[in-house]
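What follows is a single structure, and I will ask about it in a moment.
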Amino acid sequence: MNLIIISALSGVVMMFSGLFVKNNRTISYIATALIIFLSLATMCELGAKSWFNIPQAEAMLRTSVYGKLIGVILTIATTFYFVLSGKDIERVGKHVADYYALMFFVLAGAGILLSFQNLLMLFLGVEILTIPLFILTGAQKQNLKSNEASLKYFLMGAFSTGIMLMGIVLIYGAMGSFDLSVIGKKAQFATPIHGANLMGLLLLLASMAFKVSAAPFHFWTPDVYDGAPTVFTSFMATIVKVAAVVAFIRLFEGSMEPFHTSKWQILVSILIACTLLVGNITAVFQQSVKRMLAYSSISQAGYMLFAVFAFNAFGKEGITIYGLSYSLATIGIFSVLSKMQDITFDGFNGLARQYPGIAFALTVFVLSLAGIPLTGGFLGKFYMISAGAASNSSYTWLFILAILCAAVSVYYYFRIIQAMYFKERVSDTPVFEVPVSKAFPILLIVVAALIILIGINPQILLQYLYF
Amino acid sequence: MFLVLLIVIPLIAGIVAIASQSAAIAKIVGLVASLATLGVLLNVLCIPNGSEALAYSKLWIGSLGANFSLLLDGPGKIATLLTAVSFPIIFIASWNNGYKYGHQFWGLMLLAMAGLMGVFLANDMLLFYFFWELALIPTYFLCSIWGGEKRIQVSFKFFIYTFVGSVLMLIGIISLYGKTPDASFSWKSFTQVALTAKEQLFYFWLFFVAFAIKMPIFPLHTWQPDAYEQSPTTVTMVLSGIMVKMGLFAVIRWLFPIFPEASSQMAGIVITLSIIGVIYASLIAIRQDDIKRLIAYSSIAHIGIMAAALFTKNNMGYEGAVIQMFSHGINIIGLWIVVDYIEHQTGVRKMSELGGLAQKAPNLTILFIVLAFANVSLPLTNAFIGEFLMFNGIFQYSVCAAVVACLSIILGAVYTLGLAQKTFYGEPKSLAAIKSDAPLNVIVALSLIVVMIIAFGVYPKPLFNLIGLVTGAN
Amino acid sequence: MPINYYIFLAIILFCIGVTGVLTRRNAIIIFMCIELMLNSVNLLLVAFSKMHHARALAAGAANTTAGIEAQLFVFFIMVVAAAEVAVGLAIIVMMYRNTHSVDINFLNRLKN
Amino acid sequence: MLLSLFTDWAFLLEKLTLVVAVVSIGLVVAMYSTWAERKVAGALQDRPGPNRAGWFGLLQPFADAIKLFSKEDIIPSKSNKILFVLGPGLAMLAAVMTSAVIPWGDKIVIAGREITLQVSDLDLGVLYVFAVVAMGVYGVMIGGWASNNKFSLLAAIRGASQNISYELAMGLSLIALLFLTGTLSLKGIVVGQQENGWNILYQPLGFLLFLVCAFAECNRTPFDLPEAENELNFGYHQEYSSMKLGFYLFAEYINMFMSSVLMATLYFGGYDIPFFNEAASTLNPTILGLLGFGALMTKTVLFILFFMWVRWTIPRFRYDQLMDLGWKKLLPLALINMLITAVVVLVKEYGWPW
Amino acid sequence: MMYLLDALSTPAQYLPIAIQFAFGVLFVAGMIAISHFLGPKRNTSDKLDTFESGIEQIGNARQPMAIKYFLVAILFVLFDVEVIFFYPYALNFKSLGWEGFAAVCMFVTFFFAGFFYIYKKGALKWED
């Protein structure tokens, strides 16, 4: 509850600070202070009770330790995001405070998605999460690409919401309740599965796949990620995606018992396979790093979906590690990318010579995304695939595919490393559009160190799951 | 605790070296750290095999059942000794090689050393995989940044090859992990996995391909000559001297115990492939004009024999292969040192453009000839012991294979002596004239190697002691 | 009236909406089709609410509130739809001001 | 159940008669409103007003109607033909539909059959009125847009944004009323007033807000911005001629009539006859019903006259003043009114919470 | 709360409204048709042209209008929906008592916050 309430209030505070504070820097500081407070608040909630005790809300929102931990991860990632990309947010447009406010609202939506107990809350959470994103995507009002991306995102997002609602209603029609636990209990006795319920579940699956941009429902993702202002792409591809995946797990875990048969795993395995293949293979052919990351984020979603495939403790642990390392790495790369002149691979040429610190951090991020050991990304992928293997080891083809896709991903991720370290800079144009501050590389290295820390000792995260 | 030091010293030294921002400091740090590691290791080696002190374990990722557990056994002792001995020698030999961004170069070398040490020590599958990759990544950077003209493509090829290999291994690890009785990554639980014969075959290949790429064994070797050629020679020393031994070591440590039946069943195929590789590589080596490529192919040939000997699964072959791991490691490092010196002095690597170096550099020539003898495994050199045992082993397994494999000795003599002759004797070529004899650091490094060659060639007992009696160990 | 009528009507409306979204090229019309989908959902929700309420009554529960949540859901859908309208129309207008077109076939600046 | 109603001919006939009667009343009142408007204008400006057609010019509306009918029907070549026709149609339709939920009287008895003087007593009557009134905005908007004339378009947009702005305050001001009545049914509201006294006594501020909003909703002076001749030629219907123009004009007068009825119903007791206890009365229910109808019409006519009085008294607002009034003054006022009402009612009901 | 479930309206109550609707549609359509046939038809191109006080027309009326009007429409949608929320509350207001009132006060606070925000943001400013 801390996450939801405080982030919503922070959003309001940011909105109003935009009215009274004219200096963008100050606004950024306020936002950073708020997010730090927010992440502390979520951390405090980990061990203890929430600050806001609302027993009536139990039927709607029920926070588990797991949800709290993911909340902490999201807020920490956002904190780093604000710190690293604050200056870039200021460059997007005039309404800086509003951008921050919208991001806080997104976090509130994420908080709801982490703890929803009722399908109504799922719907609300998804909408609170996505509607601000439509605006953020179109934040550059004069930029046609941004406009277009935002329109596409909006149409597709609203469409998938419609699908989701239909699914919810059909389930309600069959089960007579929106409460996940009630549905789950009723579903146990309802064999064979009710037709409307099945249809509803399928629609929900499709719409959730849409939200996490799993193939074949991914087609909006590259365009939207590409068109959106780079800073916001970073936010969308990380925090939002992790929250959506967790919601995905929460929705189908436990409450959809009759569906947990082999049929479910067939469906999800196809989903995962498509996602991995589409994401990785298309990413190979991209010239723009931003677009490459967009496609790669599709494939990363594919790995996270293993948790939905498996529904076991491994999957959940994996999501925490995967979520944090993936978010941090992507935020880090994007924070550099959004400062750069040229966002093709050539733009990275010779970066290591001029900015060794940044290049080192970027290397760690890229290694983490590619899933090389010693980074959090490796353990994340490892956990996800182990989760799949532990739940049903007869899907060997899927695990082999997943790991081979990781190998393919090395190809395109390493192009960044190659450009940074092994290629010389040809043009005289500076790497960055704006001069980077002295603190920036240090912050990046801190983030990189965090990723390595998770990669070496994930217990620091996982211990919170088992009190 | 000493085992942890073996990994931690180079690791920290590597980070310090990179952070120092100065090539000179980094070099000194590197040398000191590698010597310190050697010192610690020598201390450890005095402990008899199987002692409690040779193991270390600490809970790492509890929920996965992964431990930070290290173990030093017989082959591990040889391998770690090779690593610990080689690095100081490499540092000394490359002392004068000025590298751009030197601190990064030396730092990455130390990181690679840490990774190698980890691979040889790890007693936990996940940990092993971690170090396996940790050794790879610094090497990739070393090759790509400081390599030759085609370095980017070549080192990427190298990386993709080995990465695909390790990824296959990862698949195997994950699925085997699911089958372990106590959901743990420890060596012990992996060896206790109950597998049907068919499953064993499947997983065997998953692991074996990874190791075979690293060694490399015949059809998977194509990355190797390119990588050796394009890498800076200092890195090539690590690659060919130590890193290829990772594959052999992994076969001994992991493959055999986990898949005993499958490895016996597949031995025929592996040995055939290895011996084809041996002959093939030797023949190609003869045709080479580039010194680096020549030595690269010769390395493939040697490794092939070691792999074949390992898979015979008899004591003789096994002991020979383990001894040869050490011998071949230091021998080939010696050869690379010479090549490195020649290349730096003349800027040429083609034998057709070289010649008559003996006139200007007599000391170097003498040392090189000893190395060349060792490379063709003449008696009294350390390589002879290993080769003799290995051929014995192969002979016991299959006479035919042994006969074919023995051809490699003859072929080896042809190309090695050809190399010596074309490079050091004959008329000096005006294009590639050498100025003077080798400098002190090269001489020192080579002398150390030569001393070891002869010492172990005459008195190999310490090495055998290290391995311990391994009858029936596998 | 039997509940089936409502279900059929709602499903048909929903399908019309989906078809519209998938086939039409005008952003506004797509948007209206989406609204149609949402409203068909609303209709179905209310119908189901009544159905479950009647069932609960038939099962002998006096003074039951079964089915109430569906109608509350409708309110939330309306609110969210309104928020979506606000944002979506703003986006479409922004687009129109920049390109003088709302045809999504022309949205191909991002393809390459 | 529904199907059986289709076969209930007496019911259908009763309702059809009622519908025709109600719509006709609306039309007739609207027609004579135009006459009254001119008469009032004449009186206020000290001139006779229409006095040629019939006695006191009473036939004037018919003359106007015939004129409108026989005018040439022009559909501009650049307009969107379908929407151009649809616009006035919608405006008129919305105006006609409003009257469906108004309780015109209690009930009368004809041939032993009890007939409620209300087309349908929906229990969300107020919402129905709002819904239908909102439809009227479409008529304005579609007509203005379809004309493809910049003035029309501007006027239509102005009209639309004015209407929707005031609809907010209108809706909010009604909520305070609903706190008192507890029902949305208009009949229920009237019955409640018969028991507890007129709502105007409890909701003076709410009534005032509602009144202002009603003025704006009907595009009456001082809020007749969409038809401000000196700014916009003739407003959103300037391309229209013949009966389509007539529809727009008519719809406005019907709307005025309907808002008057609504105000009378919501705040002034509807068909309640003041100082007369209907429940205790021994009069024939038919007579009582007709008396109630008379009372309602009297109140309504007073309101209509008030509308006209204001028109010739107060000058027009500027557009920014209009929007300021709607958004910045009426809306918060309505909210505060609502909160105060809630507190008062709750205190009366439960006492102070602390 | 019970109001939502116990609403007394039945489909039958809407039948008269349907009748009125049908009547209204027929009436409107009939009137338009009649006037269409009654009036003279003497079309000239000038007559069918757009009327702009006799001044020659420049450009088309199909162009973006001032964004202000649009903003009002959007704000209306948002605020109207918020107002809609008061209706169910108003009907159950007495049974919900002070607790419900507290909740509504919170809602009103947010309403006011939003209102204040758009007010300060200048969305309601008409004179540029």
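We call the chains A, B, C, D and E, going by the order they appear; numbering starts again at 1 in every chain.
Please note the rule applied: a residue touches a chain if its C-beta (ideal position, glycine included) is under 8 Å from a C-beta of that chain, and two chains touch if they have at least 3 such contacts.
Each chain and its UniProt protein: A = NADH-quinone oxidoreductase subunit N; B = NADH-quinone oxidoreductase subunit M; C = NADH-quinone oxidoreductase subunit K; D = NADH-quinone oxidoreductase subunit H; E = NADH-quinone oxidoreductase subunit A.
Here the structure is a predicted model, which means the values were calculated and not measured.
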Mind listing the chains that sit against chain A and also against chain D? E
Taking mean C-alpha coords per chain and comparing to the overall C-alpha mean, nearest is chain A
Farthest from chain D in C-alpha centre terms, which chain would that be? B
Chains sharing the largest count of C-beta contacts are D-E
Inter-chain centre distance, chain B versus chain E - centres from mean C-alpha coordinates, in Å: 81
Distance from the mean Cα position of chain E to that of chain D, given in whole angstrom: 15
Just how far, in Å, is the C-alpha centre of chain C from the one of chain A? 27
Chain A and chain B, separation of their C-alpha mean positions in angstrom: 42
So chain A residues touching two or more other chains come to none
Counting only residues that touch at least two other chains, what does the list for chain B look like? none
Touching two or more other chains, which residues of chain D qualify? 1-2
Let me make sure I understand the interfaces: which chain pairs count as touching? A-B, A-C, A-E, C-E, D-E
Complex interface listing, chain A residues touching chain B: 313-314, 317, 367, 372-374, 378-379, 382-383, 385-386, 389-390, 393, 396, 399-400, 403-404, 406-407, 410-411, 414, 418, 421-423, 457-459, 462, 465-466
Can you check the complex and tell me which residues of chain C touch chain A? 7, 14, 17-18, 21, 27, 30-31, 34, 37-38, 40-41, 44-45, 48, 51-52, 55, 66-67, 69-70, 72-73, 76-77, 80, 83-84, 87-88, 90-92, 94-95, 98-99, 104, 107, 109-111
Under the definition above, what is the set of chain A residues touching chain E in their complex? 12, 15-16, 19
For the chain B and chain A complex, residues of the former touching the latter: 60-64, 126, 129-130, 132-134, 137, 141, 144-145, 151-152, 156, 159-160, 163-164, 167-168, 170-171, 174-175, 177-179
Of all residues in chain C, those that touch chain E in their complex: 1, 49, 53, 65, 67-68, 71-72, 75, 78-79, 82-83, 85-86, 89-90, 93, 96-97
